[in-house]
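Data first, discussion second: the structure below is written as structure tokens.
First chain written, first letter: the chains are A, B, C and D, and each begins at residue 1.
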Amino acid sequence: MNRRLLWPAVVLALLLLLNLFFTPGFLSIEVKDGHFYGSLIDILRFGAPLVLVSLGMTLVIATGGIDLSVGSVVAISGALACLAISQGTGVLAAVALAVAVALVLGAFNGFLVAVIGIQPIVATLILMVAGRGLAQLITDGQIITVTDAGFKVIGGGYLFMLPFGILLALVVLAATVFLTRRLALGLLIESVGGNAEASRLAGLRSRGILITVYAFAALCAGIAGVMVASNVSSADGNNAGLWIELDAILAVVIGGTLLTGGRFSLGGTVLGALVIQTLTTTIYSIGVPPETTLLFKALVVAAVCLLQSAAFRARAFPRRERPVTQPVQDTTEVAR
Amino acid sequence: MTSAAPILQLTGIGKQFPGVTALDDVDLRVLPGEVHALMGENGAGKSTLIKVLTGVHPADSGTILLDGREVSFASPLEAQNAGISTVYQEVNLCPNLSVAENILLGREPRRFGRIQWKPMRRRAAERLAALDLDLDVTAPLSQYSLAIQQMVAIARALEVQARVLVLDEPTSSLDTGEVEQLFKVMRNLKDQGVAILFVSHFLDQVYEIADRMTILRNGRREGDYPTGELGQVELIAKMIGRDLAELERLEERPPARTTGTLLQADQLGRTGGIEPFSLTIREGEVVGLAGLLGSGRTEVARLLFGADHATGGSVTIDGTPVSLRTPQIAMTHKIAFCPEDRKADGLIPDLTVRENVVLALQARRGWTRPLPREQQAQLVDRYIKALKISPADPEQLVRNLSGGNQQKVLLARWLILEPRLLILDEPTRGIDVGAKAEIQRLVAELSDGGMAVLFISAELEEVLRLSHKVGVLRDRKLIAELPNDDTLTTEVLMQTIASGGRS
Amino acid sequence: GKGESGAAAPGGGKTIMGFSQVGAESGWRTANTKSVQEAAKAAGIELKFSDAQQKQENQIKAIRSYIQQKVDVIAFSPVVESGWDTVLKEAKNANIPVILTDRAVDSTDKTLYKTFLGSDFVEEGRKAGKWLTEESKSEAGPVNIVELQGTTGSAPANDRKAGFAEVIGSDPKFKVVASQTGDFTRAKGKEVMEAFLKSTPDIDVLYAHNDDMALGAIEAIEGAGKVPGKDIKIISVDAVKDGMQALADGKISYIVECSPLLGPQLMDLTKKVLAKEEVPARVVTEETTFTQEQAKKVLASRQY
Amino acid sequence: MTALTGAVVPRKYLPVLVTAGLFVAMFIAGGARYEGFFSTQVVLNVFIDNAFLLVVAVGMTFVILTGGIDLSVGSVVALATMVAAVLLNAGWPPLAVIVVVLLIGAGLGLGMGCMIHFFEIQPFIATLAGMFLARGLCYTIGTDSIPITDPAFTAAAQTQIGLGGGLWISPSVLIAVAVVAIAAYVLHQTRFGRTVYATGGNEQSARLMGLPVARTKLGVYTISGFCSALGGLLLAFYMLSGYGLHAVGLELDAIAAVVIGGTLLTGGSGFLIGTVLGVLILGLIQTVISFQGTLSSWWTKIFVGLLLGVFILLQRVITTRKK
């Protein structure tokens, strides 16, 4: 495993242990109604949308950008899918429509960034603000409840005894790994993020790459949106995906990808997302009162970052680690 | 030379990077009032030694004495305050600030904490004038070419009333005139008792200016010698650890076996960049471009590669008109361009050697057709060997390579494309003697094999040695095109430049 | 035309009302907005509407701009209770009457607004608590309660929690074994409930601060193989349509109504205020509570 | 060799000029469309309503100019209102309260600066932790909104400084303008300010140039924390309450204002006057919305997004065309 990922993994393990201390059966997984059931499964299931959004975010961040609009896209795609289904469209068609619209919205972001040359943070801020309104427009500000059993499967159903959402996230993860590491997309993305001008002079079509990446991020958010809506059988234009962009960025950063662009680590991102989801579940499980939730979160986030920081470790444990003067970056990655 | 006490004494310096021993038990003694050259191949550890000395990296072992007192700097700022002024190898200035600020920031004239802009500009202009340079000091530094930025960096270092001046390859992209100007200033400082530590791969320059030299090889000290007592051949032998029979001068270039016109530019130009020029490049021909700093050589190269938009004129390739709007289009016509500023325009520092080398090839194939790993390994291996890239590890990050080795990586990227026209903008910048000869040989071989090369270098000899034909630029205008026959010498070239082509 | 300055006589043209809404954070809020808009139309009042997106500063800005635009009356649902004195004084100076809806403000100067129309969140909490004490009168053992709170710090969350705690606090057999915020949303409600179900083995009652969280929690309870409404009794607040449906289906045990349909009452008050009639300082919306049987009866006639 | 002259100095001000032009255009368009819009007081109101945002955005400008980011500002603002309210209610003298609040803000900023500088933690996440921390502290102090009744604060809130002709501003506007003026002076006329630009231009180079990068980075986060606390005090004047849910999402507004003002998020380029324009534009969009007065909740959001989009697009297109 990548050395940078060691510490997030340690924190993840510590969180799980903490849970085990408060809830003795926390790590056990039983079979209930013909499928797996347990807290670990819950973490994966509720973490699946975050994993999805974070995967897309990873690629955007690797190009040196950032996508604030993913939360709104989550809301829009969920709302569209539910609206379509409630008006009698078939599940597959409704989901396809939602995801396609998400893709278009992402391409629009990419267009603003790559062609018009607007800074990513403001370019995506536009859709972040307007998109939330669009989602509410679609739902008419209400919650659209759907009762379609087929739709329910995506976020709440099971396949091979596992929640369908987890499998879906795994499929997208595999696809992303394939695109970036088996095919050459990853190299080109890292190159654009590492030095855009040099990449241009090396003959990269950075525009195309940027548009692809933003579209992909929105696609992931779109799938996540459908998943979130399906999980509660309803679309909530106001609240679905609220602040998920912050969590996703946090997951990416915990995973060791720098916000300045360049090298990215998909494995790290997944780990980061799981740390965040586990943290959330932990807060619920061990009974942290709502007023102190954020303090607890601040503590854990600070701990992860500090442990990850070579400079901090050099100071905190001077004997065990050799002083490192520059941030040492690992070059090896599992999926490469 | 007085046998005064050394102003600077480094003993037993060691420095490790993960996987690399950059310095191993290195000693260095610099006397006041001497120019001390630090010599060694690419990756020998020169820059690392300088960085350890000036507090960029902490040393793993060893002591540093300045004026007999032990010092250990935690940052370049502390070194500066102690009287050590440094020009680092890559231009390390802030492109977004004005020239004046880049020269004076940190020492600007102030009154009640407020910067006095007028005196500041005046002082900056004076400093530049001492280097025979007349720039608009209020313009942002990014407006200027790399060579000028290098001069500005030197001006900044000279601003400090330093007792020790460290210059890491300050001349790598300067032309003869600028170098002379710098040497004049250096001699002046020397007379005032300033000790100068100087790094350069130009042996002639070293012999001209240095009093003594310390030679590094693979991070170890090979010895120090007064310049007069060590001939060039021995120096090279000590640097690379064996005799260099291969370094015999390239024989005269055979006439190009040209088969036909490859590219023809007709009144190509860019307003504000370069005046319209016409240039014909034939297959198998090496066209050199000569000119002074800022004369527009880079502009020509960028236009031919589509890196900038031409505002007028036309280009034909193989007789068919083409529009070179973007690098991709140029690449489909098998044109390759190795830019001069490797840090800004060339390398992706966070990627590995392998990834940097295959980048352009992969870009041409598109992301759906990845280059198979074995093929990547093969290609990269071949060029690591051919160009002697060190460390010979394809998975090393480019940012961790020494300057010269980075340059080789950039070259390799374009060589594997097997282009028909290879544009090399200062390809030998910061490259050691051995590798330089290697690259020159390579260019000659490639052109013999039918590749056309546009070769830009600040070193006129190098241009003359390689080219079949030399284009001369001045003030961003192509003023002459001279066939490289026996009559063409560096003097003739200099004269052509000086007279503005009206000879 | 626009009123000159001060309270325009209703006869002198169309009355203009500036209404500053908190936001559109929930279906309840949207229904509230709709009700106001429709009632205004029906009453022939021109409505200037603005959405503060949950920010007090935006509401203050909106009210300032209404003063600037010289509307005839200002109505707003305060995001929070404190901090309105300055802008309300400006309105008073400009002679524009102010009506509060849905939430109160804590101004000591009661002349700053004409009246306050809205629900009493503490009372809602109390009603929920009362039903539970009634319901569990016969039970001896400890009654383990889990609570799904609204958005941390928001007034309904604070008050519904306080009112509920006040009532059940008198009897030691009631134990709130876990209490966590579900942000008023279904997704969070489900997620938190899943965690509760695993960490807290014995849950008898769920008290949710709104229907949406209860609906999410129902899914979690069903997923855990338990029967909502039977194994775990569920009390919630709001009485939106989906909630009433669940109540009628027996999944929710009891709902305290919190009606968003303030529009008609607001317009009545407005007319009275503009006609300089006396209005009470506090008008409580007519709200009730629903048991499962009652829900079945009224389900068809619910508007939202 | 000839010096490059002409066209250079104006060019770097071009984005700011374009932004200012667009602002004026938007104001005129608003005036043409809405009755009562085209008045000086409307512009003054934008200042009055956004004084706190302006102060926060000034601090953010320092941070962004070094290439960093500060997500904690909104929470620190909330914490400042909360601490002020609690201390005032405990009977502290207002001056002492103000000093304590400003110290807390600066201290939090310094703490995050230390995490960023000494432990090389990315600014985004160090300040995100700071955001959680400050907001969490608010809730631990209390979840209710706490009214402020202190006479000094009330006076600051309700004083109207007349400018003649019936126009007025609040004391907060004066404070905000003073902060802008001081910050502009520091950024452009002092060594610290220029080092801020140098650090953003290229941190590594700035270090090698022997500039005090460490002190500068600690400095900007401290300034940002200080400005957030000051912004919090202005918000406390404005709202006369302390509340843990105040200023949610303010960090995005501040960042947006800075970036709309033409400052590059990568650091090293931008002007403070741009930030002022950015704040004014966000404020003016709000004003347009409230004058429009017929938009439903979601159309408000869509409309804000659209206006923002059109604005940024025009700004970008005009700027590049002129080049």
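Criterion: a residue touches a chain if its C-beta (ideal position, glycine included) is under 8 Å from a C-beta of that chain, and two chains touch if they have at least 3 such contacts.
Everything quoted here is computed from the prediction, not taken from an experiment.
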Fewest touching-chain hops separating subunit C from subunit D: 1
Higher-contact pair (C-beta pairs counted), A-C versus A-D: A-D
Greatest separation from subunit D - chain, by CA centre: B
Distance between the centres, which are taken as Cα means, of subunit C and subunit B, whole angstrom: 71
Whole-Å gap separating subunit A and subunit C, where each centre is the average of the chain's CA atoms: 33
Distance between the centres, which are taken as Cα means, of subunit D and subunit A, whole angstrom: 29
Centre-of-Cα separation between subunit B and subunit A, whole angstrom: 44
Multi-chain contact residues (two or more partners), subunit A: 136, 141, 290-291, 293
In subunit C, residues with contacts to at least two other chains: 24, 30, 33, 152
Touching two or more other chains - residues of subunit B: none
Chain-to-chain touches, reported pairwise for every pair that qualifies: A-B, A-C, A-D, B-D, C-D
Complex interface listing, subunit A residues touching subunit B: 182-185, 187-188, 190-191, 194-195, 197-205, 209, 262-263, 323, 325-326, 328-329, 331-332
Contacting residues of subunit D [partner subunit C, same complex]: 35-36, 41-42, 45, 48-49, 52, 138-139, 143-149, 154, 157-158, 235, 238-249, 286-287, 289-291, 293-298, 300-301
Subunit D residues within the subunit B interface of the complex: 1-5, 8-9, 12, 189-191, 194-195, 197-198, 200-202, 204-212, 214, 268-269
Complex contact set, residues of subunit C against subunit D: 2, 18, 21, 23-24, 30, 33, 37, 48-51, 53-58, 60-62, 64-66, 68-70, 79-86, 89, 106, 108, 151-155, 157-158
Contact set on subunit C toward subunit A in their complex: 24-27, 29-31, 33, 149, 152, 178-181, 183-187, 190-192, 194-196, 198-199, 212, 215-216, 219, 223-225, 242
